[in-house]
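So, here's a batch of structures to check.
Shared between the two complexes below is chain A, which pairs with chain B and chain C, respectively.
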Partner chain A sequence: MSEQNQQAVARYRNNFLKEVEDRVEDGEWVKMCMQCGVCAGSCPFGPHWEHSPQKIFMMIRAGKREEVLASDSMWMCTSCYNCIVRCPRKLPITHIMHGLAHYAHRLGMAPKGQPTREIARLFWNNLAKTGRVNELKFSLAMYFKDGFVQGIKNLLAMQGIGMGLMKARRLNPMEILGGHKCKDKDGIHKMIAKAREIEERKQGYAS
Partner chain B sequence: MSEIKTAAYICSGCGLGDKLDIPQLGKIALKEGKMALVRDHAFLCNSAGVQMIRDDIEKEGVTHVCIAACSRRAKTEAFHFPTVAMTRANLREGVIWVVAEGSEHDEVRQEMADDYVRMGCAELKKVKLPQGNPNTTLQKRILVVGGGMSGLTAAFEAAETGYEVVIVEKQAQLGGWANKLWKRVPFKAPYAEPQATGVAELAAKVSAHPRIRVHLNSTIAETSGAPGRFTVKVAQESGAVTEESGAVTEEAIGAIVQATGFTTYDIAKLPELGGGQANVVDQAGLEALAQAANGGVLKRADGKEIKSVVFLQCAGQRDETGKHLAYCSGHCCATSIKQAMYFKDANPDTDTVVMYTDLRVPGMGEDFYRSAQSKGVIFTKGKASAVEAVGDSCKVNFKDLILDEATSLDADLVVLATGQVPSAGVNLDAWDKVVSEADGGSEAAKQNKSEMQKTSILNLAYRQGPDMPQFKYGFADSHFICFPYETRRTGIYAAGPVRRPMDMLQATEDATGAALKAIQAVENASLGRAAHPRTGDLSFPMVRLEGCTQCKRCTVECPFGAIDEDERRFPVFNEQRCRRCGTCMGACPVRVISFENYSVDTVGSQLKAVEIPDEFSEKPRVLILACENDAYPALDMAGLSRTVYSAFVRIIPVRCLGSVNTIWITDALNSGYDGVMMMGCKKGDDYQCHFVKGSELASYRMSKIGDTLTQMGLEPERVSSYEVAITDNARVAKFINEYVEQLVNMGPSPMKGFG
Partner chain C sequence: MTKKNYAFYPGCSSQKGASASNFATSIEVMCEKLGIQLNEIPDWNCCGASIGYGEGGLLPRLVINARNLALAEQNLPGQDLVSGCPACWLSTRETAEKLHEFGDLMAEANEALKEAGLNFKGTVRARHIVEVLVEDVGFAGMKQHVVKPLEGLKIAGYVGCQTNRPFGIAGESFENPMYLDKMIETVGAEPASGYDQKVTCCGGALAFSEPDKSQKQIRDIVESAYDHGAEMIVTPCQLCQANVEIYQSEINKKQGTKFAMPVVYYSQLMTVAYGGSLKQAGLDGHVIQPEKLKQIASRQK
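What follows is the complex of A and B.
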């Protein structure tokens, strides 16, 4: 259990709803759900995930902390906003889903190896490093995320497209050596650090 | 009335002149209809046309007017001649708008019009101008039974409208259930917080009102009479707060509002949900705890502070097993929300869970629900299977219906949202049984009868029993689908939860409506007029007692209990209780009951006035007896929408199918009609019959007519019945066309030519 997770558990005991309200972006909306199921019926991912938003909200109220935070549902959300426009109670469902995903990730409870989570993580790490996305490194990291052998297989499969891109000068192989950076890399790092600090203060991790 | 002078007026406007031979209609009115005066007019309903009729009434002494123009339901303001008797021949909606276009139909169209003129004239000679019930009564005081929120509201509203009111309340103070509530569900914007009941203020206003007299600790020993002339004996229980204890006071009353409310369903009947356990209460029990807490933290009976509470909705309600209440009481979801707020407002950290299968918050309840959610009340969709006492608290075992799993919750207190059980007095079906057994000499039944009598609320001295009939589930009578205030006891209106389950806001609105109905009733009675649905009708049933065989059919069949019996078992009509449906007239086997403008003769003469073509003409004739409330308007609407139906039918509107006397059917078949269609309102549990039982009684009578038909050598299909709603304009044309086709296939009636 991560330290932050331990701290959260200690603080909220069995009141997971309260925890979500305090710590998850837009979490204070969860109690307003009236369980109509419109979101569940609207989501294009309906059949492919473990729990519909409706269920996630009910589980939060029922105190099912582990199950909610480990659910893959929040990671499956494509931000289509279907649910938001349809929810009769005007819950910002998409935002709550992302808020929950983010929270689960911070606590280290998000499902391991969940592909969308993995992409998000790689993308962020790549971006945060230099303040610019290095497409070549990002693609390679993606190919090799499931191990070396799979990485080679992926590379071979994508070979044609890669060559095409290079020919069209859309992909520079030299980027592998460091690559472009933004002008003030340290500034970016400071900015990110500050944002995190504000967030921690706001959501009460500091205490 | 001395001399009668008849006149027929034939309109050639609205296309009638183009489609019909107007001079021929005039000739028929004169020669066959034997009208003293016949005129036609190009636009009868315009001022010139109407003036022409008025002049004839004033200068020519016309006393009876037949208007051959549009439907009797059209142009009623133009053709309003209150000093003369009137009939209408429906040539527009009934003929030119429904007979197919084209010259090949000219002949049948004209025949149809000819017949309607014949019928209008024939009827005219049999009707009299109704004079109104001579027994008008001027008593307009309104009795309100029950001094709870509904009763207080009805009383206050009626008094403020200018009527004197008497309240009879069996408790020692006014207020009823509302007295026991800490707060009520909000009834004003923003519908977010529980509100004060305001019952004490209302009770004070009522007590101080100069036009209201209050009897506390009192019940009704007897109610006799009829609207406008009830005599009500009010019995005061001993130990009373006012003057004479044990005394009986007589009140002269015009109309009655019964607002006797409800009791809560007994939680002892719900042991599986913890009924009977110390830490399980019903909603009334919770109100008591809240009153004791007086805005502070709520404590259980044992003094322990309540830190967690679970509300179980639909406890003993919406039950499909037949063990508990089958219905939803409507208020309980909002009530639990309100009560959950008692906890959250006193201590936001209290765990409050409302467990529901369907949360039903009608009206503005949705806002209230949201408000509770934002206060942190948890709503769980689940079904409780058992409540166990575990140590000092309760364990609620339930199935979570969203997460689809069996689970449980612990709580210091469980509140069961039980339903409302109406206090409607004696069930008349049970009463009838007991009375007939008692009349048969059974001592047990006699004992039973007097026990039942004690539970009566109104103690009506009516032949039909001591209270109003009950509707479903023991609620007081209501014409639920169409006219919810109407009961089968004229001038007696039920209001509030005794009529159907409802919350306080609905109850106060209901009571206001009932007060207005009561006012209408006394006003109509004072003018000798009928109450709903023939509001303002001046005709009333008259009986030729010389011919009466004391068969009691009228007394038994009158849906409104209007007819009592005297010592010699002759019927005694209470005109003010009568709704003028004519069911008694339809029931009477010796046909001695009639109205001035509606009788066995007025209809009989119409159906006999129709010219029946011979069996070789290939022109069948079908008589339609159509209920004037729904079927006849639907037929008019068919005309209005130019829906074509067969020109072989002849339609006579009747007040209610209940008024159809079988003699009309046999007369029609004897005179050579090929078939008879009866069109009336829906019967059964979800009846729409304006007179409640009329269409049902008609269908019962018709079920017996088969034998008569067989004796006449006729096929049973020659008489058919249809349920027609007011919206059925398309269906009604289909019924007609299909039936006529069926008759054509059967071939002409063998009775033709013998009539």
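What follows is the complex of A and C.
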């Protein structure tokens, strides 16, 4: 168990709802859910979630900490915002799902190797490096995330699409040499580091 | 004509050689004709898109967007920030609204922005180019410049998710927004009425991580366009465009379909209708060729 996770367990004892309200983006909305199930029925990937948002909300209230944070359900969110606009209680469901996934990731409890968790990590690291996304490096990082051999297999499988995009001048092989970036990338690094520090301080990770 | 100035936030996919570089090309003639002056925000950065949540968390995401807002406020005062990418628009608008509503978040964001020598006062509004077209130019204004109506073209207006939810275009419904169909009519083409996948999700970033689940969505989107007699799909979203266009070959390979449905941007339709060339409309940037539109673009009137 990660240190941050141990510390959270000790701090919140059996009150997982309180933990979510304090530490998860828009978590204070969870108690407003009236269990109507519109979110579950509106989700494009709904059939693939082990637990729909409606169930996740009930599980949080029931204190099922381990089951919620280790679930791969939140990682099925495509950010389509259907649930947000349809929720009769106006819960920002998409944000709560993102917040739960991030919290589980931060505590080291999110499922290992979950593909969306992996690409989310690669995407952020890619953009944080230079301030802008390098699409070529991001794609390559994704294909090679499960090792070299699998990476080559992925590349071969996707070569038709890659060549098509290159021909259309929408994928530039020269991006491998660096590509687009912000001038003030150092300022961006410092700014992001500061934002993390403030968030950790505010959420009491350090105490 | 006096031009209206906007602080332009192109976004990563609209850079040279990137996946929506042809979108970036295609808005030039459109903006020129409509008197829209886009002034690029100096040294803008990535918005984090939606998938940035996993590693980024709330405050770092707000802060990277606040940097763009602060740069616009400082360098292009009084101008609305405008983006053509729904993810950029959504992230920036969400940030502007959250910082406006919560004083503590604004203070924290500024504490972090200080590290990059910036400060955000909160005076900038974040808008989508489609909002500029619909609200500032208007449908009559868009129609006025049509010299080459796209007659005989039937097009499925695929709005997708993030141009439509959670903010959307004011006055439109989330379930059946009509502005894209109206834009199709404005340029003289026929919208495929009853196109039932108008606001279906293409899988977004999960097209990478969950290809089979996403390709099922894409199959529905393309199949319905065929069912409704459309010759091409038009969308306002860069990720929808890329996903729906480039994965058709994968779906064909895996499922034995014979999809070859072109997917273009509204700005490409408008540029062609305004007399722009094939190149000016970015029509040389497709994997599935929009032949009919290319023919019209190449035709002398």
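Some points to look at:
One rule holds in what follows: the second predicted complex is superposed on the first by the 186 of 207 C-alpha atoms of A that agree within 3 Å, B and C clash if a C-alpha of one lies under 4 Å from a C-alpha of the other, contacts with A are read in each partner's own complex, and residues count from 1 in each chain.
Simple rule for what comes next: a contact is a pair of C-beta atoms (placed from the backbone, for glycine too) under 8 Å apart; a residue touches a chain by one contact, two chains touch by 3 or more.
Model, not experiment: these values are computed from the prediction.
With chain A as the common reference for superposition, the partners chain B and chain C occupy compatible, non-clashing space. In the superposition on chain A, A:C182 contacts chain C only, with no contact to chain B. Looking at the shared chain after the overlay, A:R23 reaches neither chain B nor chain C. In the superposed model, A:A120 lies in contact with chain C only, and not with chain B.
Contact with neither chain B nor chain C is seen for A:K137 once the two complexes are overlaid on the shared chain.
Counting the residues of chain A touched by each of chain B and chain C gives the higher count for C.
In the superposition on chain A, contact of A:I84 is made with chain C only, not with chain B. In the overlay built on the shared chain, the residue A:A62 is in contact with chain B alone; chain C does not reach it.
Closest CA pair between chain B and chain C after superposition: 20 Å apart.
The residues of chain A shared by its contacts with chain B and with chain C come to none at all.
Residues of chain A touching chain C in their complex: 25, 44-45, 48, 75-76, 78-82, 84-86, 94, 98-99, 101-102, 105-106, 115-121, 123-125, 127, 131-133, 135, 142, 160-161, 164-165, 167-172, 174-175, 180, 182-184, 187-188, 190-196, 198-199, 202. Every residue of chain C that touches chain A in the complex is listed here, in rising order: 12-13, 15-22, 43-46, 48-60, 62-64, 67, 108-109, 111-118, 161-162, 165-166, 168, 174, 200-201, 203-206, 208-210, 213-214, 217, 242, 246-247, 249-250, 284-287. Taken in their complex, chain B has these residues touching chain A: 359, 369-370, 373-374, 376, 378-381, 400, 402-403, 407.
Interface residues of chain A, counted against chain B in their complex, comprise 17, 31-32, 34-35, 54-55, 58-59, 61-62, 64, 89.
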